[in-house]
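Pasting the structures here.
Two complexes are shown next, each including subunit A; its partner changes from subunit B in the first to subunit C in the second.
What follows is the complex of A and B.
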């Protein structure tokens, strides 16, 4: 019993680390733009498909594939930013969101065009037996995921709280007009934050795909939904909240799947989000201006 | 007209109800990611009443609309005070819960020596009321469009009334609307109930046109599509959402021009269109301009 609890928590934390990265990307974009980017997951999928194609044609190594994924996600992110967010910076949040949904459709069809099958193998991060430690097992790829997630969070924290660029980003999040008056080039900060968020998404996408050893066209929707869910659970617009929301989502999913099955897992995650939003718990609605 | 054209036209009509339900909420200032749930509730409830319990379609449709309206009212009660993305996510969470409940929903009843009814992820087959009653595809098309015309007439009349002005006021600036004596909460709850009923009506018609529904039909893709239809067509008039549906299903899905590239073309067009017309083709300014021309 207790062993299950601990083992599930370990697995949940690994999944939660991936969710936390996705939520961080969403939160960065939402923080500076006050808009949700529905194409976030599909742009990550674009990067992963680029890596899968590279692997098929050139048989590149793991590190190379990670770089291709990240570069692809940033490239796709730049396209989304130019077409959906730059034109609506002062205008309608709904129009920006629907435009990002339109590009999501593009990415999905593109994925179906380049790799028409439903499922493709992707080189695994680690093949072979998981690490056994007493009664518990650690999947090596899960450990890598956790370690990378911690590394990304630490670098992001350093970048945001210890560098000039971070100061500019925080100024734009807090008060865009004042930031602009203080001489910060706001559009340039927005573009860079978008690229940064896309790169973090690329890291998360690569780790997830390489842990699963496969890629499907569902990846885009999966990444967008999980990222949004984790971001909302942790409180819209808060970076530490995004990390906590991601980890919490991973833990909740792991336990509810174990005890109640996969359908109840999703049901419980959505129910929790709905109840928390409806109850208007303070951390979730404090910064929710659209 | 051949069967293919009839099918396309019927689909345009069906999904217009869903797009109109998203439109009503958008006009009231709320963005819903969850209208597919009420479409689904309508499809399941209407289908069960005719296929399992022998109700006539009109009666089943009314009951399904009441259920859809009630469901959206219940979802709206705790969530309509949320704004922007938080409301959208709350509706998405509700809609995904409904979709999973459809997956868990088994209600098998013996009909004519066979088990019929919703069977979880296996879906719900044999919603054959219109075939059993000898309704030809062309007649069904007429029925769908007659209902759509009635709904549109009601909406267009409503938009020119005081209620329509109140609705737009609530959508544009709820604080201002409240300060001139509009009960914002009541307007929003009313809109939610109407939107749920409209989506459910579309769902009933969809189920009887398709004869088969499954939980997957009612996922987030359908919900965001309906939102996109409303926004592309335009938020200035209830005719806007119809234009959005007709552009996507009529022009692109049914023609073979962009076979395999349809969503790439459509997605790009929508994004570019929204750059120039962020409130859609038939936005308020365009509607006013057309009115001045023709009156």
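What follows is the complex of A and C.
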């Protein structure tokens, strides 16, 4: 009983680490732009497909594939930023969101064009047996995922709170007009944050695809949904909240899958979000209200 | 020559022109004051000079160079800093970080650190609270912080948009004492105020703006104070 609980929690944390990364990228974009980027996941998928193609044609190594994924996600992110967000900086948030949905469809069509089959193999991070420690097993790829997520969080924290660029990012998140008046080039900060968020998404996308050993055109929607859900669970717009929201989502999914069955897995997460929103818990209403 | 010259500036929100051809000048080394009733276009003018709003027409000359329509960060680089209406401090950042943000374009770390110390000397309350989040400060302290943050860019011209708004009378007096001090130290100040009585005491020159147009300009003695105050609060339309 207890062993199951611990094992499920470990599995949940690993999945949650990926969700946390997705939510971090989502939250960064939401924080500086006050706009939801529905094409966030599809841009990550673009990067993963670029890596899958690179693998097919050149058989590149794991590290190279990770770089290709990140570069592809940043490139696709830049495309989304130029088309959806740069033109609507002062204008309607809805227009930007709808535009990002249109690009989502573009990315899915593109995926269907370049890899018409539904499922493609992707080189695994680790093929051997999982690490056994007493009664528990650790998947090596899950450990890598956790370690990378911790590294990304620590670097992001350092960047935000210890660097000049981070000061500018926080200023833009808190009070964009005052940031401009302080001499910060706000449009430039926005573009860079978008690129950074896409890169973090690329890292998450690569780790997930390489853990699963396969890629499907569902990846885009999956990444957007999980990122959005984790961001909202953690309280729209808070970076530590995004990490906690991601981990919580991973744990909730793992436990509800084990105790209630796989069909209930996603339902429970949505139900929880609904309850939290309806109950107006403080951390979900304070920032999103402004 | 005047440090700042605004020439026939028109700024609009959509179809509504908030500034309908404003011209005025701020001489180097003076405190110049802009008075006018609510909705006259004072904030719109400040935002236009600072580059947050783009004028539809007209010129904004700083030391003879037209800066109209430039990006706000480029205008800061040219030496203008605005203390915005409602202060707009960065609430979750510490007092010290707010000051550092004000010096964002400066790369001279040692001189920036010196200026932070100078601000702490001028505003001792900020020193006491340097590690506190700016959002936890009182209204008066936030106003001091907004002024100090603007000064951190070492501006040639300091714009202030209603610095006394919503503050207790004692705090308002302190703000005006600081304005006079800054002026004595050589800063050129262009001040928007609702508190005409206080503003006329410190200013060397003032302009009246009503419904997007400058309707009067002169020295503080040029118009009976009660007449200025009446028009500054109510506008001449209500005579």
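Basically, the second predicted complex is superposed on the first by the 288 of 290 C-alpha atoms of A that agree within 3 Å, B and C clash if a C-alpha of one lies under 4 Å from a C-alpha of the other, contacts with A are read in each partner's own complex, and residues count from 1 in each chain.
One rule holds for everything that comes next: a residue touches a chain if its C-beta (ideal position, glycine included) is under 8 Å from a C-beta of that chain, and two chains touch if they have at least 3 such contacts.
Predicted model, so just to flag it, every value in this text is computed and none were measured.
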Subunit C versus subunit B on the shared subunit A, clash or fit after superposition: fit
Which superposed partner A:182 touches (first subunit B, second subunit C, both, neither): second
Subunit B versus subunit C as contact partner of A:10, first or second or both or neither: neither
Subunit B versus subunit C as contact partner of A:221, first or second or both or neither: first
Partner chain(s) touched by A:98 [first = subunit B, second = subunit C, both, neither]: first
Partner chain(s) touched by A:247 [first = subunit B, second = subunit C, both, neither]: neither
Touching partner for A:84 - first (subunit B), second (subunit C), both, neither: first
Subunit B or subunit C, by number of subunit A residues touched: B
C-alpha centroid angle, subunit C to subunit B via subunit A, nearest 10°: 90
Nearest-approach distance, in Å, of subunit C Cα atoms to those of subunit B in the combined model: 13
On subunit A, positions contacted by subunit B and by subunit C: none
Subunit B partner contacts - residues on subunit A that touch it in the complex: 30, 36, 38, 83-84, 87-88, 91-99, 101-106, 108-110, 113, 221, 225, 228, 232, 236, 263, 266-267, 270-271, 273-274, 277-280, 284-285, 288-290
Of subunit B, residues touching subunit A in the complex: 26, 31, 78-79, 81-86, 88-90, 92-94, 96-97, 100-101, 103-104, 220-221, 224, 227-228, 231-232, 260-264, 266-272, 274-275, 278-279
Subunit A to subunit C touching residues, read off their complex: 164, 167-168, 170-171, 174-175, 177-187
Residue ranges of subunit C touching subunit A (in the complex, touch as defined): 50-52, 71-73, 76-77, 81-82, 84, 88-93, 97, 100-102, 104-105, 149-150, 153
